[in-house]
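Shared between the two complexes below is chain A, which has chain B as its partner in the first and chain C in the second.
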Partner chain A sequence: MSAAAHGRSAMEPAGIARALDTLGAWVLAILWFLPLIYAVWTAFHPTEYSARFDLAAPLTLKNFADAWSAAPFARYFLNTVLLVTMILAVQLVLVTLAAYAFARFEFFGREVLFALVLVQLMVMPDVLIVENYQTLRRLGLIDTLLGIGLPYMASAFGIFLLRQTFKSIPRELDEAARVEGCGFLKMLWLVYVPLARPVYIAYGLVSISYHWNNFLWPLIVTNSVTTRPLTVGLSIFAAVDQGIDWAIICAATLMTSGPLLIAFLLFQRQFVQSFIRAGIR
Partner chain B sequence: MSFISVRGLKLALAGGALLGMASTQPSAALAQNLSFYYPVAVGGPITKLIDALASDFEKENPGIKIKPVYTGSYQDTIAKTLTALRGGEPPHFAVILSTDMYTLIDEEAIVAYEDMVKTDADKAWLKSFFPGFMENSQTGGKTWGIPFQRSTVVLYWNKELFKEAGLNPDKPPATWAEMLDYAKKLTKKGSTGNVTQWGVQVPSSGFPYWLFQGFTTENDVRLMNAAGTETYYDKPAVIEALQFWVDLSRKHQVHPPGIVEWGTTPKDFFEKKIAMMWTTTGNLTNVRANAKFDFGVAMLPANKRRGSPTGGGNFYVFKKSSPAEREAAVKFAKWATQPERAAQWGIDTGYVAVTAAAWDTPKMKAYVAGFPAAAVARDQLPHAVAELSTHENQRVTRALDDGLQAALTGTKTPEQAMTDAQREAERILKPYRR
Partner chain C sequence: MNQRLSANIHGWLLLLPAAALLALFTHYPTAATVWQSFRSTPKGSRPSVFIGLDNYATMLDDPIFWKSVVNNLIYAAGTIPTSIALALLMAVWVNQNLAGRGFLRMAYFTPTMLPMIAVANIWLFFYTPDYGLIDQVLKLFGRGGYNWLGTKDTALWCIIVMTVWKEAGFFMIFYLAALQQIPPSLAEAASLEGASRWYFFRRVVFPLLMPTTLFVLINAVINSFRLVDHVLAITRGGPDNATSLLLFYLWETAFKFWDTGYGAALTVVLLVLLGAFALGQYFYFDRRVHYR
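So, the complex of A and B:
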C-alpha cells in the first residue's frame, strides 16, 4: 500500500497532466456530443417533450415517418450519393494530375498558372452562381447531376493541398524510381499517390461532407425530383413561418446525416491512423 | 452604364427571338409546358398540395402542362428566380413575396396582368380580391401580382392564463392601454425574482419590420409611399410606436427583453411561457393542433386605429414567355384563385382566403362555423395595410430591421435608431426619385 502511494507521489506531476488531458478530452467530447444527444432525444419523442426532459416520456418513431413522407427522400438519397461519389472521383483524378504537374514539372508559365488556381480559392463560390448558371445553360446541363457537380470538379483547394504534399516527398525516392525504369505516370502511381494517402483521405472527408451539405447551388441549378439532393428535401422543414417543430427537424436531420455519421464511426480507426502516420513521416 | 445597354440589347434580342418563335408557332393549341416556382413557408404537406393543384388543372385543361418546382424559402425562391432570369431561363410564373414586386419590375422580369387579360370576366377577376391584399400587388396603376398565399398578423391569447389572472377569458385587449394593463396582470415572477410567465410577446428576429408595422399602422402612420420610392421611418408617430414596443420590455417588463425569436414564439405560447403573442395567421393550424388549452384569436389592439400589415406571396407571370404561355399562366392563376379552390387552400394551409367570394362558399362557412378564430384575419383585412415594400426592397427593409433591433436591445434610443434607419433608406432610394 505504502509502496504504491510512494510510487504514485513520484509520478504525481505526470499523473495530474494525464488526468487533465483525459478530463479535457471528455469535456470536449461531451460538448461535441451534446447537440447530437439532444437531436436523438428530440427525434424519438413526441413534440411536447422537445424542450422538457422526462425519462418516462413515450418513445416514438412517428417523427421519422412524418419526415420521410414529407419529400421523396429515397430518391434524394440516391441523388446525393451519386453526386458526392461522382464529384469526389473526378476531383481525385484531376487534382492528382494537376498537383503532380505543378509540383514536379518545369514548364512555361507554371507560376502564373498556379497563382491563377490559387485565385480561385479567394473567390466565394456564391459570387459565381449567376455566371456558372449561364455557362451550364449554354452547355445544356441545367437540371442534371453533372451540372451540380461540374463547377466543383477542378478543386483549387485540392490542387494546392496535394502540390504541397508532393513537393515534400524527397527527390531521392523519385530518382530511385526512375533508375528502376518508372515512367512519369507509373512514378505518380507507385510513389506519390501511396505516400500522400493521408492527405487524400483528409481531402475526401472535406469534399464529401461539403457536397453532402451543399444547398443553395443545387437548389438553383435543379428543378426535378430526379436531380435534387437531400438538402433540398431537408429545407422543407426549415419553413419557419409556422414556428419550428424541433422533433421533426431533428428526425429529418438524423435521417439525412445518419449515413455520414455511421460511415465515419465505422472508418474512424482508419482515418485516425492515417492522420497519425502522416504525422510520423 | 455600358452593361445596362448590353442588358437592354440582350432583352431586345430575346424579345426578337420570342416574337420569331411566336410567329412560327401554329396558332392551334400546341401543348404548353409551363414551369412554376413556388416556396414553402408553412408546415404541412405543401409540396403535395401544389402537385395536386397542378395535376387537377392539367386534367381540366388538356394541352397545358404545369411543372411545379419547389424553390426553398421565399428568400431562396427570389435568389433562384433572379439567377435563372439572368441566365436567360426564368420560370413562366412563380409565387414570390408580394414585397418583391418592385424588385421584379426593376429587373424587367414580369408582365402586368392588365397587359394580358382581355375579357371582361378576367377584368372582373382582377377586382375580386380583398383590397388589403391588392395594395402590395399594384403600383403605377397596374396589377403585377395576384394574391395567392397571403397572411396577416393577429393576436393569440391563452384563455386559461387570463382566467388565472382574474381577467375575462373571452375579452381580448382592444387597445394598447388594455394590452399593457392585461400584460402587467399576466406577468408572473418566481420566488427568485425571475419572470416565469410574460404578459405578451412580439417576435423580433428575422423580419421585425413586419410586426412593427402592426404598431405603426395602429399609430396611424405609414412607413412608405405607394410608389415605393420614399420611407417615413423617422416620423414622430413611428418613433412613438417603437417607443411603445421598447417600453413593453424595458420600462414595464411585461415582454421578454432583447430580440425574441420568431420561430420559437408559438412554442413559448404552447408552454405557457407567454400569455399573449403576436404572430401570423399562418400559425392558426399549428396553434390549433398543439395548444393544450383554450385559446382565442383577435385583431391586433388599436391605438389611434386598428391595423396590421398583410404578408405572403403572389403569382407573378414572367416576361420571357410567348403570348400563349402567358395566357396559360394567367389561366392557372385564375383557376387557383376560384372561390372553391381559394377556400380549400385557406383551410388546408392556414393562409387567408384571398377573395370575399371564397368566404361565402359553403365549405368555408362550415369551416368558420366550427372554428370561428379562422375568420378573424378576414375581419381584420379592412384595417390592413401593405407590407413594407420599396425599390431595393432588401436593403431598405434591412435598414429598418437593424434600427428596430438596435432599439429593442437598447444600443440606441428609438429616436436615434429610426433617424439612422431613415438616413440609410434615403441614401438607397435617392436614385429612384426622378
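So, the complex of A and C:
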C-alpha cells in the first residue's frame, strides 16, 4: 500500500457519485465493525447490559477478571506462545535451508523434489488429520506441543516463497563472497538471509497469525490443560459451562484474540503488506 | 572434490530436514490414507482387514455423507462469490480518497485477524433466540423469537454470513494491492475518451484484476473445504446435520465415532476434490487469465 496519499485519479467520481460512494463505504464499514464493537461493549459492561445499550452503563473489568480465574487462561497463553514460537523457529531454519538448496544447487532430482514439496500446498496438514494422528500416536507425541507443531514445520509455502526471493539475488554476490573465502553456509547467513529480510518478516507474521488462530488440529491432538492452546481452551470454556454468562465469554474471547489484534492495530501496515507479499506468488 | 558431486551432496543435505518432515506428514499420510480407505476399522481384538471398496460403498449409501457434500457446495456457493464481490467493492472504495479511509480499511480488515473460534463466539450471541441481537432488532418490528441456528433452513446460512464477514477483508487487501498497480495513465486515457466509470471498470480494471481474482478464488475454494472451526464451535453439524461440512463429518467420523477406515475414505474424497480443483485451475484458468 503506497504510503503517499495519492491525489484524485481521472476516473474517480466527483459530486453526488462521490458522496454516494462515501456513504456506501461507511455503511458497510460500520456494519463490519459492529460485531466487534458489540463484543467490546459486552465485555466491558456488567451482564445486565449485554443486550441493553445505555450510555450511562457503568464500565467494568470484572468480566475479564472472572474469565481469567474461571479457566487456566494463563497456561493457555503460555502454551500458545510456546507453540507459535517453536513452529516459527523451526520453520525458519528448515525453510531457509531447503529454499537455498532449490535456488542455488544443481542436484540430482531437483525439479521432481520441488514438485513433491509443492504437493503440500494442495494436500494440507489440515485435511490429513486421520493419518497424522496415527503417526503422532506411534511417535508417542499425542497431547504434546511438539505434536501439534510437527506437521506444519516443513512449510511448502515458505520454501516456495523464499526460493523465489533467493533466486532473484544476483549471482555476482555469490562470486564476490566466494572470492572472499566464504563457505556456502556462511554465504547463506551473510548474503542471502539479510537480503530476504522483508520476506522473512512477511512469512513470520503470516505463520504467527495462522498458528495463533489454528483450532481443529490442536483440538484433536491435545487433551490436557498443559498443552491446550488458547483457541481450544476458549472453545471449551465457552461450550462446557452453560452457566457462564455472555459478558464473561465475550471478555474471554477478546482476551484470547487480544495480543494479535493489538499487534495488528499497532503494525497495521506491516501486517497488510506481509499478507500481500506472502500472497502474490 | 568434484564440483558436481559437491553440489549434489550439499543440495541434498540442505534439503534433508524439510524433506524428511514433508515425507512423514504429507506424502506418507496421503499414501497411507488411500491404503487405509480399503481396510476396515480395527475394533477391539479384531484387527483391520482388507475390505476392498466397502468403505466407498458405505459412503454411497450414507445420507449424512451426501448431506455434507450438498451442504459444502451450498456453503462454497454462498461464501465464495459474495466475499469476492464484497472484497472487490471494499478495495475499490478504500483505493479512493474517501473521508476516513484509514478507518474504513481497518474496519474491513480487522475481522480477518480474529480466530474463527472467537468469531463464532461473537456471532453465536447474535443468533441466540430472544436474547440475541438479531432478535432484539426484530422485536422492534414486532417479530422475533426465531431460533436461527436451531432451524434447519437457516443454520447453514448463519454460518455462511459469519464466514463472509471474516473472509471479505482478507481478500480485499489483494485487490487493493492490485488496484494500486494499475497505471493512472489508463484512467486518464479513459476519461479523455469519455468512458463512463462503470465501462472503465468493466472493460479495463476488471480484466486487469483477473490474476488477483484467480488467486483469491483459489484461496476461497480451499478455505471452504479446509476450515470447519466455526461449525465445531457453534452447531456441531446440527440441527439434523444441516450444517455438516465434509471436513466436519470427517472429524466426527474419525474422532468422535473412531471409525478410522471410513474416515480415511472420506479423506480421500476431500483430497480428490482439492486435487481436481488444482488440476482444473492449472489447465483451465491459466489459459483464460492473462498475466501481466
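The working rule: the second predicted complex is superposed on the first by the 202 of 281 C-alpha atoms of A that agree within 3 Å, B and C clash if a C-alpha of one lies under 4 Å from a C-alpha of the other, contacts with A are read in each partner's own complex, and residues count from 1 in each chain.
Please note the rule applied: contacts are C-beta pairs under 8 Å (C-beta built on N, C-alpha and C of every residue); 3 or more make two chains touch, one makes a residue touch a chain.
All values reported here derive from a predicted model rather than from experimental measurement.
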Check your understanding: Can A:112 be said to touch chain B (first), chain C (second), both, or neither?
Key -> neither
Check your understanding: After lining up the shared chain so the two structures overlap, which partner does A:120 touch, if you call chain B first and chain C second: first, second, both or neither?
Key -> second
Review point. When the two structures are overlaid on chain A, which partner does A:29 contact: first (chain B), second (chain C), both, or neither?
Key: second
Exercise for review: Please work out whether A:268 is in contact with chain B alone, chain C alone, both, or neither, and reply first, second, both or neither.
Suggested key: second
Check your understanding: Thinking of the overlay built on chain A, is A:59 touched by chain B (first), by chain C (second), by both, or by neither?
Key -> neither
Study note, to complete from the structure: Between chain B and chain C, more residues of chain A are touched by C
Practice item. Scan A:238 for contacts with chain B and chain C and give back first, second, both or neither. Key: both
Exercise for review: Could you say whether A:219 touches chain B, chain C, both of them, or neither, answering first, second, both or neither?
Suggested key: both
Practice item. May I ask you to decide whether A:74 touches chain B, chain C, both, or neither, giving the answer as first, second, both or neither? Key: neither
Practice item. Check whether A:47 is in contact with chain B, with chain C, with both or with neither, and answer first, second, both or neither. Key: first
Study note, to complete from the structure: Contacts of chain A common to chain B and chain C in the A-superposed view 51, 129-130, 133-134, 215-216, 219-220, 235, 238-239
Study note, to complete from the structure: Contacts from chain A onto chain C in the complex sit at residues 1-2, 5-13, 17-18, 21-22, 24-26, 28-30, 32-33, 35-36, 38-39, 42, 50-51, 93-95, 97-98, 100-102, 105-108, 110, 113, 116-117, 119-120, 122-135, 150-151, 153-154, 156, 159, 184, 209, 212-213, 215-216, 219-220, 230-231, 234-235, 238-239, 246, 249-250, 253-254, 256-257, 260-261, 264-265, 268, 271-272, 275-276, 279-281
Review point. What residues of chain C sit close enough to touch chain A in their complex?
Key: 4, 7-8, 10-12, 14-15, 17-22, 24-30, 32-33, 36, 86, 89-90, 93-94, 96-100, 103-111, 113-118, 121-126, 131-133, 136, 165, 169-170, 173-174, 176-177, 180, 184, 187-188, 190-191, 195, 197, 200, 215, 219, 222, 225-229, 232-233, 247, 250-251, 254-255, 260, 263-264, 267, 270-271, 274-275, 278
Check your understanding: Which of the residues in chain B end up touching chain A in this complex?
Key -> 35, 40-47, 67, 69-73, 76, 79-80, 83-84, 86-89, 151, 206, 262-267, 270-271, 279-280, 282-283, 285-286, 290, 292, 350
Point to revise | Touching residues (chain side chain A, partner chain B) in the complex | key: 47-48, 51, 70-71, 129-130, 133-134, 137, 142, 215-216, 219-220, 223-224, 232, 235-236, 238-245
